[in-house]
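There are structures below to look over.
In what follows, chain A forms one complex with chain B and a second complex with chain C.
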Partner chain A sequence: MFLDPESRWARRLNLILFLLPALTIYIVFAIYPTFSVVEYSFTDWDGISPERDFVGLANYERLFTDKIFWAAFRNTFVWSGVIIVINVGLGLVIAAMLARVWKARLLLQTCIVLPVVISPMAVATIWRWMYQPTGVINQVLEGVGLGGLATPWLGSPDAVLYALALAHSWSTIGLSVVIFLAGLQAVDENLYEAAHVDGANAFQSFRYVTLPALRPVTAVVFILTLTQSFKVFDIVWATTQGGPVRFSEILSTYMYKRGALENQYGYGSAIGVALLVIVSLATVIYMQIQSKEDR
Partner chain B sequence: MGRWLLLFVLGVIAILMVSPLILTVFTSFKPTTELVNPPWAPPVSLTYEHYVRVWTEAGFSRYFFNTLVISAVDAVVMIVIASLAAYAMVFMDFRGKLVLRVLFLIGLMIPVTAIVLPLFQIVRGFGLVNTHLGVIFADLALAVSVFVFMFSSYFVGVPKELHEAARIDGATEFQIYRRVVMPIATPAVVTTALLEFLWSWNDLLLRLLLLTRDEMRTLSVGLLNFQGTMTRDVTGLSSGTVIMAIPVVLLFLFFQRHFVRGMTAGAVK
Partner chain C sequence: MKNLASAGAVFAVSLAFPIMSIAQTEVVVWVAGEPGQTNVYDDLAEAYNAQSGDVTITVVKNSSDLFNPALIPALSAGEGPDLFSFGTGPGQPAALIKGGLVADLTDAYFEHNWGDTIPEGIVMQTSSDGKLWAFGNEVETTGMFYNKAIFAEHGISVPTTWPEMEAAVATLMEAGYDTPIGLGAADKWPVSHWQSMMFGRYAGPDGIESVLFGDGAWTDAPFVAAATKLQEMGQSGWFGPTPVAIGYGELMDRFWAGEVPMTFTGPWVIGGGIAAAGDRIGDYSVFAVPPFEDGQQIHPTNSIGSGWYIRESSENKDAAIDFMNFMFVATEGRVTLLNAGTIPVGPLDAALATAEMPPLAVDIWKTSDDHAANGTVPAFLDTITPGSLTTVSYDGLQALLIDYMTPEEFTAEMQSAWAVSKAAGEIMLPGGIAER
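The block that comes next holds the complex of A and B.
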């Protein structure tokens, strides 16, 4: 069957052949579940029985009065806040320092970015071990005379969320550093020259030249870190599963417990929708900033 | 700040960043008798015993093989389907293009975590729970948007004249895709392969839900279970961690530039 390649049918066939594989998989396994999660959230489904009843906003009403949900909600924000402070603040400082170094730059950068490729599961195993009561963190603290700070990090209600956030930051800060570095390379050299001529020292030129020039990049890293940290499941699940009690419970772990482990699909989905809304909003803002930057 | 002070501070940061990995490697090679030494003490007499134990008895060879298959298939198929779709989006004219663009944009916003419950039901509906195919479909669907846009951004740079000339010479769309457009997009191919492989290799949540039979499990789930049952087996856990980390660390060291470019471009996921 030879079709004239310019004919309408040939074009249509081509279009289908090119688009179909990606589109089918995408719609079935990504778009459809996104709508389903909203649909489930209005039902009392247990995930197994063929029947499910529409219960209106009951699951959302339950969310509003569920103390554990609000604890998880608050923990998720605290968790993200800590990670943002580290990844944006420290990430910017490290990138700014790296940008001023030529000797050994590749080696230093490699060491700092390397943890980014380590699986969150492996990160969890490593840090769980380091945070043990007799683990390396406490041993180092005692070694430098700060033994008073030693604590069973992952068993401590006050420390657990921060300890896990630190572990997560360790494995993600390299990404911020890399994005900041790309941004720094785009800063106009002449601005530094001008600042130098005006007698600015290194700190002043950082404060008055680098920071303002990096504002859009900083916004990108900020939102990116926010969305990434909101989605986190692996590292918390593989270390504390939200414990002790609920002190490291975040939205994703709570959703997993209710939905997948306790078969409360309707309620778990409502938690999922909350997560979906927050992350989507942040991503929309992120893309707005990025497209502005591209122009 | 003086140059040397700067180098010193950065050096300290770099050492702090890699030290958790180095300590893990140290522990994985230590004979059990040396565990009383501090973690930062290198092993005095090296032993491979823990690796052998984890690889054979704890089933890590199986997990490794499963992970490798899923990640490799993910990477190869992703290159094909994402580049084909991007080709259609950039070079073909059709109604509903804008709608499709928005549809793919949505994919950049969906957090996997939020939709795993219905995703599990769909995979179950197809009878694909406990199959690698089910995981592969889910992986592809959840990341395809990122790579469609990545390929599109390369394709947009292909000169229209080149494309037109090939068409006038009588080349079919597929020939143009294969011979003209794809060779120009080689960097996107490499980046896609690396990133998709990495994400697939490292994921836990989807695999935890979709693979419950031990012989189907990947390294992430295997390591999680090993940690759950053998909590105090420090040397075994370290070896397992190293086994899981080695392939991606090597890839990173060899292709650092591509990784860095890909991670900044695909940063939305």
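The block that comes next holds the complex of A and C.
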């Protein structure tokens, strides 16, 4: 009548039962909405009416001729590129430096990680104030004799995207640092000692010991940063709403404008699907490159 | 026996209390807007709750940006507020109506004689297919708020002609004010107040109507001229070196702090201004922007603020209607609104007799009334045009201010978006409700 607790079926049932709550939540709140968005992208739904008509690929055809979509597409790549350079590149350097610091390491680590727990809206508000023409950043630049670099950060077509990416990185780099630090703790100290015996300097140790040892961790940080940066909405919306004009328009803000503000949920969903495809492709390509290098 | 009776009475009372609390009806009201503007609804709810007995009004306030994204999913899920304020333009209300999410208020209109309070022009904007969908409760206007103390210090009189306006700005710039007229253009929508006023000045009420309801186009000469003038003002530094880098909130802080002499805005800032400026609030007043060109008339801006809708699936429709009557029809509610600087629709004589309006509110409405005979134009074109046009206008106005777009390109983009919306039937049509 009852399954033998040691049997294969019993173990499988156990596994399923333990997975079920999390799986249910994941299906309801992640998988189902994703498929719904794909379904909406083939309709002309306004987001409110009970009726929606199937329009085939019309929303996707529109993407190809929508110049604002392509501007947002380009901006999203620049945005993600800047954030990846900072969060992966600088994050690794900071982690490597922190790993060598013993005094006040916890304090420094806390300072770097603290912004991660601040609400994105609060981050946006803080940086919006700092980036005002008379804000603290321009005041500091003028104070240290670099007044020539002072600029209206959020109103400058050339600077706005980079300024916002920097603000986003400030609030997220702590996570990269923590992951890298965890990876660094797993690196065998004997490798460093061997490198030292072979006459390697600090940079050479980093280049030939740390970097290869951290390759799997770097892949995790890269993919996390990439997906997070593509999904960002709040900091851009709360500071510039994609402006001035469309110079900080990224795909997520454009999707929101079309979908939520203009009641074009069908088209907004198509933008969302495009975003999903881009992130998935970028992730797969990166993982392929990684796996080739590992081989 | 006596003790037994007392115990029975206590028991009965203890039973009655939960029943009384269950019988209490809660009407949830969502209000969108700036804090200074929406605080009055807390006062109204408190006054209503004190006298209503079995109905409790709960007011939930949210900023304009976050309001719609929260409201629409709530309504679509059959939940959300019983009563809410919402735009009255052709885009989103039409979708709410089409989706069956808001209640038909036509019966209430006749039952409560709302026709005595709501002007026909506002009923036209809140009705379709012969049915009333919203109570258009307030009229809004815009004007040039200015710091009288700064003007007096530099010997500037209120300008009544464009050369005087130019001279005033020049004097202020010479005096070191790098932003003579504040404009928080990072938020985009404040620029549309200039756009609405200037389009109205250059095209007149007929010119605006010819586009909204006729064959006119946003590319017509008056609109191009208005956009050109706005761009020239920006190029001349009237709005400061970088208006698109400054948010509306930050700009208003600078205005109330006395760092910016003028800003073009509306009465919704008065509540916040009184809190920010304190005793110095007497330093501020309002004037009508003088005609931009010779022979041009001043057309005051008048728009319906927002409309009040009742959720179709609400079980508290009667209570919600009763609260609307209290706010917008009963003298007590109208006085409360006036005291907060909000002008309710309909005859004001009874309310004005006891109201103590902030002087700034009196100033801005006097400014509007002085020129009302010339005909009024919409204060907020962005609320009566489709969302897609609003997006194009907001981006285009910023583009004008940073010289990224010419006035011709800007108006052409507007017209292009307008034509698409018009073809899709998304534009506003004249309304009206069926007579009974």
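Quick note on the criterion: the second predicted complex is superposed on the first by the 248 of 295 C-alpha atoms of A that agree within 3 Å, B and C clash if a C-alpha of one lies under 4 Å from a C-alpha of the other, contacts with A are read in each partner's own complex, and residues count from 1 in each chain.
Keep this in mind: contacts are C-beta pairs under 8 Å (C-beta built on N, C-alpha and C of every residue); 3 or more make two chains touch, one makes a residue touch a chain.
Because the structure is a prediction, the values reported are computed rather than measured.
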Partner chain in contact with A:47 - chain B first, chain C second, else both or neither: both
Which superposed partner A:260 touches (first chain B, second chain C, both, neither): both
Partner chain in contact with A:101 - chain B first, chain C second, else both or neither: first
A:246 touches, of chain B and chain C: first, second, both or neither? second
Touching partner for A:136 - first (chain B), second (chain C), both, neither: first
Touching partner for A:113 - first (chain B), second (chain C), both, neither: first
First, second, both or neither for A:154, with chain B first and chain C second: second
Touch count on chain A, higher of chain B and chain C: B
Contacts of A:128 with chain B and chain C, given as first, second, both or neither: both
Chain C-contacting residues of chain A that also contact chain B: 47, 128-129, 237, 256, 260
Chain B - residues contacting chain A, complex: 1, 3, 6-7, 9-11, 13-15, 17-18, 20-21, 23-24, 27, 38-40, 80-82, 84-85, 87-88, 92, 94, 100, 103-123, 137-138, 140-142, 144-145, 148, 170, 172-174, 177, 198, 201-205, 208-209, 219-220, 223-224, 227, 234, 237-238, 240-241, 244-245, 248-249, 251-253, 256, 259-260, 263-264, 267-268
Residues of chain A defined as touching chain C within the complex: 46-50, 128-129, 131-133, 152-157, 237, 239-246, 256-257, 260-264
List of chain C residues in touch with chain A within their complex: 65, 68-69, 72, 75-76, 91-92, 95-96, 98-101, 185-188, 241-247, 250, 386-388, 390-391, 394-396, 398-399, 401-402, 404-405
Residues of chain A that touch chain B when the two form their complex: 5, 11, 14-15, 17-19, 21-23, 25-34, 36-37, 40, 47, 94, 97-98, 100-101, 103-104, 107-108, 110-122, 124-130, 135-136, 139, 170, 174-175, 178-179, 182, 202, 220, 224, 227, 230-234, 237-238, 252, 255-256, 259-260, 265, 268-269, 272-273, 275-276, 279-280, 283-284, 286-287
